[in-house]
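Presented below are the structures under discussion, each in the form of structure tokens.
What follows is chain A paired twice: with chain B in the first complex and chain C in the second.
After this line comes the complex of A and B, so read on.
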């Protein structure tokens, strides 16, 4: 069976993947980019129904322009589900219900990051969303006009998301950041070396004028009869309630390492291990952006460019980026430190708080296993934690934070897919560039 | 558990995860299997002990008396249905012949035109890792010690040496290491690789453990790779779809070619399986012995006993094997003839091969 063959195949059309595509397309190399979303941009530059109403983002426009001009082919709506043969990725095209294969000489993994959820009583109530999750919904047309929204969790994105929600017509009541002010101050000091990032922060702050930003505070519980009505917060000393329609709550980001792990890339501290030139432990496979360590969009752009150059053998040019890549990594490390989880947020869950939503596994079930000997595998085997359709994507990072159990294995398919895709007649389509849509801008 | 219940002081050495190897990979089908008189006796005994334990099993073990439905595709396989029923009847295992119509009623998702089947109503389905953990917890409650996270490197003459340099002494050592024969390298146990697919939840899609009768033709060959239609309903509403058998592949990776054959076979019997959502595919290894029977009992070293080589029937036979083994250790009479499972046959067999 034939498959489409590409000089460079890139998984993920966020900032890292777009930068990689632009770099790798030089000199006429055939480059394809796979992304599960309907358009390029990744989580951070997700295009929305009302994008025109938003202020243009210069970095996004510049990068998108380069990507479009590069001639790389974007295959959107494709989920990579397996890597069953050397040098080939198997994908699933949900919209057309067909399996496809993409063969490559070099592979660049730019799979991004996802939000970390931490369980607290009521977090599964309708009306409670991930912070980034709610933003994505709004971009897809979910109407928040007039809705009272509380924002909570941790990480630099909380403020950005709050600002966007506000621009989309929501009434943001407050932002509760679990990190204490002292930690954030030292992070801000580090930022002084990076005026661009300060400006971004200032512009956010101005659109959030009047919204309380409470550091050192976190949710105790969300309440409501079938639908969120209020959230109780604490700063460790006192408690207060906020009546609201929606809670947007996320605890920073965790790298998407499922595909790299499936391909056998070595991991280190939960991230894909790369050298200074974005090479993973697997030959011909590079990794760029958040999977190598959450460090934000600037790091992703630089790493993506470096990976793209490496993939077409322009090592010297990639080396020129190394110092800046390392500097952005330092920023990521400072950010991780500033927003590290305090012990209290690891103790928010009650015995009957659900941790694994797919399999309804409660905190108490897992706590009972936490005897110092048990592992993620025991939790899976004995309690089904992480065994549902999401394969531990949601609960895995929470369980790791709560109990220190690391997800030990990734099994195909990475995403659920119809059984027919595994059969010998998977309606494979191998013909088409016609399937690729260039509709980026 | 059997030894602890018999009042013995028990230590269990587990280098990784209890119930984490073949038990975690297998289907958990409790089935009376009639491919040899010895296997028939052991699996019937195993199923009987499961039935006796049933009331005591925690919910997590998910014991469900689903019954096995052996599916006959054509007239030839229908002849096997009758032969199989005669065998079961001879040892008091009840079964029921289904014709084409009755089969379609019992399992509406099977394709039309299948000849019929044999329903063995008392066969069951369990969740093996939880069962293994239950046996272990029962033993621990009776004073057994779990020594976890360290690999045994040698077991002989009443001493088990662990990788960390420590040693345990015991009057009797039971080796129950599945396909891992590193402690008993003179034993021939071949890993026989299998694939399984689990789906999302579709309650009521399948009611019985379904196995094609062609399975008997394919599953018990000693050499060639084979696939068979084998679908199991889980308590969660999920379906486990199997099965494949391969020798000579010791890699955990999914084998694309045999996976496709396995899925094709399943879709042949149950066309709408194509449209269900698969959430995971994995592989595991059955511990296959040359004579297709497990090894249960003493070895030339009077302190070393074996309980391994169960191939696809580990979960069915585990309570029976444990009972037979405790009978050996305590010099008790056994409920069934334990001679066919004696490791001594293998030692004799080995000299014959030489």
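After this line comes the complex of A and C, so read on.
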């Protein structure tokens, strides 16, 4: 019977999940890692088709090596859709068109974060992408050589993304960061205590020589006939236009908390509540990395390691990491503060700007509901906002920022399934005998 | 630049598109300049998030509709159609 279970099941093969797997595999524990993407690495270490043309990332290489050596089994291409029984997750495997079940003793949630999108006129035009979104698409083979790219939004990732786009042959015209310089200066002061992060920043600057970094500015509108042609920006006083082929625009990150919420983990300020040892409010369930509060890759690695150690009972070893975890989470809090959204970016949308892209629900209709003291549930029922296939993953963080609407509940399936999934009996997954093996190098 | 890379040939709306080996279907669609789908009110849409959450990059792959093209690698001879 014990062979029917994984000792430790980890959801997410980004930095936190990989670190958790490496820690939990010690002493012969059987560890499985589920990830939706075709390879391990998460978003920040997403595998690119031309990785060999880029400077290798030392932290990524080290962590990948540990993960592979750990013996943990990666099941990629799996999205978790439900948790119908205690200690069992149900997944859907798109490539093989099959549902599976994974039983576990201990569960580590390392579900990462996604970009926050805010609506502005023209943001649905082809040629307008998320900032991290465009970077992911380029790693996935989109050829941007010679394309003129404007980068906008907020967050420390904008510069990294712009640098990578330049390395891939795009011509980055400018970076418009909505946060004012004064806020960023205090963040930079906090950075001085962390030389490693400054070095990362300096190496970015060299790739971005000649690219304007404009603080306190944000998009007014994107224009084009069926395809992006130009973007208008403002700093609140004047407006200017940038002719470009692509706009990469994202407003920092929001944690992926759908699965933790489904499992009943207590949330706090939109994040999964954990104690100093990564324990959630649900017994045997740990959480690590961005879902506990966006704090970046260093925090994720430490938290993942701590969660992995806790899952196999090595509490004393996990405790030794607590101080560093707390310090990295402090860095995350400083970052959130530095890049907090200004009021103006919550007022970019016009009446006819689409907010919910799945159902084409416009800002004006939602604003009228919000003004009438309605909730997101009302908006779902009356306007279908958030009722499409993305299940509110894109418009949810937007309507929360715009109207203060919070999602009232998470119900399975937490990802849309093909109809065929309903008629097939899921397989119980206890081994590594399919095409699921460690294809991450 | 390293030596010439392997390439994969797919069809997008009947036209041949060549992408580097390892590329996702979203790359072939973006290269062909074909919007992936029409929205419920008929607007052209292309990929937004690149990580499988926004569902904007859905298209028909080998006859199966609503596949998220940013999550599926190109295979030689794959037939991709946009959803109009």
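The rule is short, and it goes like this: the second predicted complex is superposed on the first by the 426 of 441 C-alpha atoms of A that agree within 3 Å, B and C clash if a C-alpha of one lies under 4 Å from a C-alpha of the other, contacts with A are read in each partner's own complex, and residues count from 1 in each chain.
Just so it is clear, a residue touches a chain if its C-beta (ideal position, glycine included) is under 8 Å from a C-beta of that chain, and two chains touch if they have at least 3 such contacts.
Bear in mind that the values here come from a model prediction, so they are computed numbers and not experimental data.
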Touched partner set for A:153, first chain B, second chain C, both or neither: neither
Touching partner for A:219 - first (chain B), second (chain C), both, neither: neither
Partner chain(s) touched by A:388 [first = chain B, second = chain C, both, neither]: both
Per-residue contact with chain A, leading partner among chain C and chain B: C
Contacts of A:122 with chain B and chain C, given as first, second, both or neither: neither
Chain B versus chain C as contact partner of A:143, first or second or both or neither: second
Which superposed partner A:304 touches (first chain B, second chain C, both, neither): neither
Partner chain(s) touched by A:396 [first = chain B, second = chain C, both, neither]: neither
Partner chain(s) touched by A:15 [first = chain B, second = chain C, both, neither]: neither
Contacts on chain A seen with chain B and repeated with chain C across the two complexes: 388-389, 416, 418
Interfacial residue positions of chain A with respect to chain C in the complex: 36-38, 43, 46, 49-50, 52-53, 77, 79, 94-95, 114-115, 117, 124, 126-130, 132-137, 140-143, 226-227, 354, 357-360, 388-390, 393-394, 416, 418
Residues of chain B touching chain A in the complex: 16-20, 24, 60, 129-130, 133, 146, 148-149, 197, 199-200, 236, 241, 254, 256, 259-261, 263-264, 266-267, 273-282
Residues of chain C touching chain A in the complex: 1-2, 5, 19-24, 26-28, 30-31, 33, 35, 39-41, 43-56, 58, 66-68, 70-74
Contact set on chain A toward chain B in their complex: 82, 84-85, 373, 375, 377-378, 381-382, 384, 387-389, 391, 411-413, 416-425
